[in-house]
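Both complexes below contain chain A, partnered by chain B and then by chain C.
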Partner chain A sequence: MTGVFISFFALLAVAFAAMVMWLRQPMRAALALVGHMVSLAAIYACLGAHVVAVFQVLIYVGAVMVFMVYTIMLLDDRDASCQQPWSMLAIPAILVAVLVAAALWMLVGKQPAAAPVAGAVAGDIYTFSAFSLAFMKHYWFHFELATVLLLIGVIAAWTAIREGRNG
Partner chain B sequence: MIQDLVVYLAYMGYAIGFMLGIATLFTWVERKQSAIMADRIGANRCYIRIPFTNVKLVAWGLFHGIADGAKMLLKENFTPLTYDRFCFNLAPFLAAAPVLLVFSVIPFGGTLTPGQLLPQLHDFFGDRSYAMQVASLDAGILVVLSFSGIGILGTMLAGWSSNNKFSMLGAARAASQMISYEVSMGLALISLVVTYGTLDLNTMVQWQSGLLFGALPAWGIFTQPLAFILFLTAAIAENKRVPFDLPECESELVAGYFTEYSAMKMGLFMLSEFIEIVVVSALLVTMFLGGYNLPYLTDSGFIFPAGATWALPHLAVVLLQVGTFLVKVVLAGCFQILIRWSLPRFRYDQLMNFGWKFLMPLAALNLVVTACVRWWTI
Partner chain C sequence: MDRYQFLIALSGLIFSMGLLGVVIRRNLLVVMMCLEIMLNAVVLSFVTFAVRSQTLHGVAMTFFIYVAASCEIALAMAIVVLLVKRRGTLDLSAHQELKG
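After this line comes the complex of A and B, so read on.
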């Protein structure tokens, strides 16, 4: 039963990802991305990784996508560039899609696809206390490093705004 | 397996009925309570005439809810000239659905053993027992925050796709306000998590079933009084109600982000606001007011501090717990409506200053003090 749900949400995630690429209207592309994130969260929840599922929705949908939609809302979406059926970015996109497909094809040959999914389904639910212990014992330094990167991002954004105002 | 399905389907039915029923009740309370506060009679025009008689059943204006629903369903569903009809139609659902989902992690009773309720049920259910909660997740509080974050998308989408400057301004205000107050709300909740040592709402309620100083119930409002005030303030701001109703204030923006909506789509926005009152009340009750706990009531009956006991059958305990939760939620909702009719509206700069320069530092301070106290008492 869990396998059926995982397959369903995986198909949904791929469909939404394709829509993100295909749709020309920025707001609709952003909504498709929201759908994609929620589908991914559903897959994680089916696999018993509730921690990852909750953070997927909380951070990516509740924070990142909300800001993205906010920005799109304030843009003039009747800009002519949205009306063009294709942009030159389609060429690298197709190239990367082919490369990803090729990489997946090579992986399928080496490893039976069913094994990791079945193992994960049979596993226990990864609880928040287990996550917190692992996080504070092993990954605290990586997390702090990421906050430094975020700080650099904030300073860069602030500088860009100041430059824009002065200019 | 089939027994689990029956129980969880019943829970889902109860949760949806609970939210829609009490939300409808609150539309009436809002009218009647404001009338009492302003020394008016209030809603009294709707009645049902008993057939073949001249007897009009007014029932204190309770039928106004039915009249409202019928009006919204029967009105013309007018769609303005918008450049994205799909987003315009999607927005009300995106605003209302996440609010309904939040209730899934809130426990509305203790442990249910259906086999002990009635002798006839024992053959079917055996000795199985279930926590009275639709989804028992250990990430309870984070699920609440995740789903309430999705609701912002619906509000923004409604304002953006309406092709109306009032709607657009309302949406920009709503999004800024909701994002700003979510920070204070999150910090207030983290203080609570530090106190209880869990994210699971059911464990939080069980934690509150104890006693402080031998007699006072160990409710969150007594252990974290500042977090209670911070959470209540931030929750009213998240719900965009007076004194934080800048996104939809009628004197400036007609109706804000849902100006262009009519019929049931407008009804969905209104209903989601009232369902949000129910959800906020349920969260307040669960995290600060002891949830379904009645002082001295345990799963076997009453145990008083002096040592006296009063054993009760399982059915009575379940009914008492569910009833206690229901009454507490209604009272907490009435208190929110009391605030709504007591305070004047903020100016927008005051609202932002209040959120960022007053509430957030206070919430951060509360968290630091809580963490220090927890560190010393562990």
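After this line comes the complex of A and C, so read on.
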């Protein structure tokens, strides 16, 4: 049954990704991107990686996409790039994308099938309590560095806006 | 093809679709969205390998990818708004003289 759900949400994720590429209006593309991210979160939940599923919904759908929607609302949606959305590189880009997909497909073909892990229970280590304990035990320094990176990001965005105001 | 091979193939397909979108679209915001699709494909491959090997490393890596994505989107959106204010358009071809 899990396999059916994974296939269903995989189909949804691909369909929504195609809609992001295809739709002309940025707001519609953003909503399709939200659908794509929620579909991926459902796949993570089906795999038992509940922590990642919650991160995906809270951080990507809740924060990143809200940021993007605010930006779309700030800007004019009657732009020329909405009327003529395709660049002149469309045909070479399609060829490159097909080649990249084929190369990745060949790489997957060389991957051995998953061997059963002795004593492992699917999703056992990805519950919140187990993940939190293990994460703060092994990655506490990286976690601190991540907070510094976030602070740098805030300062950089604030500086960019301030420089823009000053011309 | 087992479940994990299918998911790695899916991540490759989604990554290719994001790459295609980055190259063929002219709208700055949609290009940013396609970059996010590529990032999502990378996260999917990390999670798949982590679940397959029943280890923590891949899932911990996704946490740091989310942090980097948050910083990236905050800075990128500020730059997009400034570029559009200066040029008055979201069209990428209007920003061709940018050289880093």
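As a convention for this text, the second predicted complex is superposed on the first by the 140 of 167 C-alpha atoms of A that agree within 3 Å, B and C clash if a C-alpha of one lies under 4 Å from a C-alpha of the other, contacts with A are read in each partner's own complex, and residues count from 1 in each chain.
Heads up, the rule we're going with is that contacts are C-beta pairs under 8 Å (C-beta built on N, C-alpha and C of every residue); 3 or more make two chains touch, one makes a residue touch a chain.
The model shown is predicted, which means the values in this text are computed figures rather than measured ones.
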Fit-or-clash call for chain B and chain C when the two complexes are aligned on chain A: fit
Partner chain(s) touched by A:Val51 [first = chain B, second = chain C, both, neither]: both
Partner chain(s) touched by A:Leu74 [first = chain B, second = chain C, both, neither]: both
If touched residues of chain A are counted for chain B and for chain C, the larger one: C
Contacts of A:Ala63 with chain B and chain C, given as first, second, both or neither: both
Touched partner set for A:Thr127, first chain B, second chain C, both or neither: first
Nearest-approach distance, in Å, of chain C Cα atoms to those of chain B in the combined model: 15
Footprint overlap on chain A, comparing chain B with chain C: 51, 55, 63, 70, 72, 74, 125
Touching residues (chain side chain A, partner chain B) in the complex: 25, 27-28, 31, 34, 50-51, 54-55, 57-58, 61-63, 65-66, 69-70, 72-74, 77-78, 125, 127-129
Residue ranges of chain A in contact with chain C within the complex: 3, 6-7, 10, 13-14, 17-18, 20-21, 26, 29-30, 33, 36-37, 40, 43-44, 47-49, 51-52, 55-56, 59-60, 63-64, 67-68, 70-72, 74-76, 79-82, 84-87, 89-90, 92-94, 96-98, 100-101, 104-105, 107-108, 111, 113-114, 117, 120, 122-126, 131, 134-135, 138-139, 142, 146, 149-150, 152-154, 156-157, 160-161, 163-164
Chain A contact footprint on chain C (complex, rising order): 2-10, 12-21, 23-30, 32-34, 36-37, 40, 43-44, 47-48, 50-56, 59-60, 62-64, 66-75, 77-82, 84-85, 89-93
Chain A-facing residues of chain B, complex: 83-84, 86-87, 90, 137-139, 142-143, 145-147, 149-150, 152-153, 156-157, 159-161, 168, 171-172, 175, 179, 199
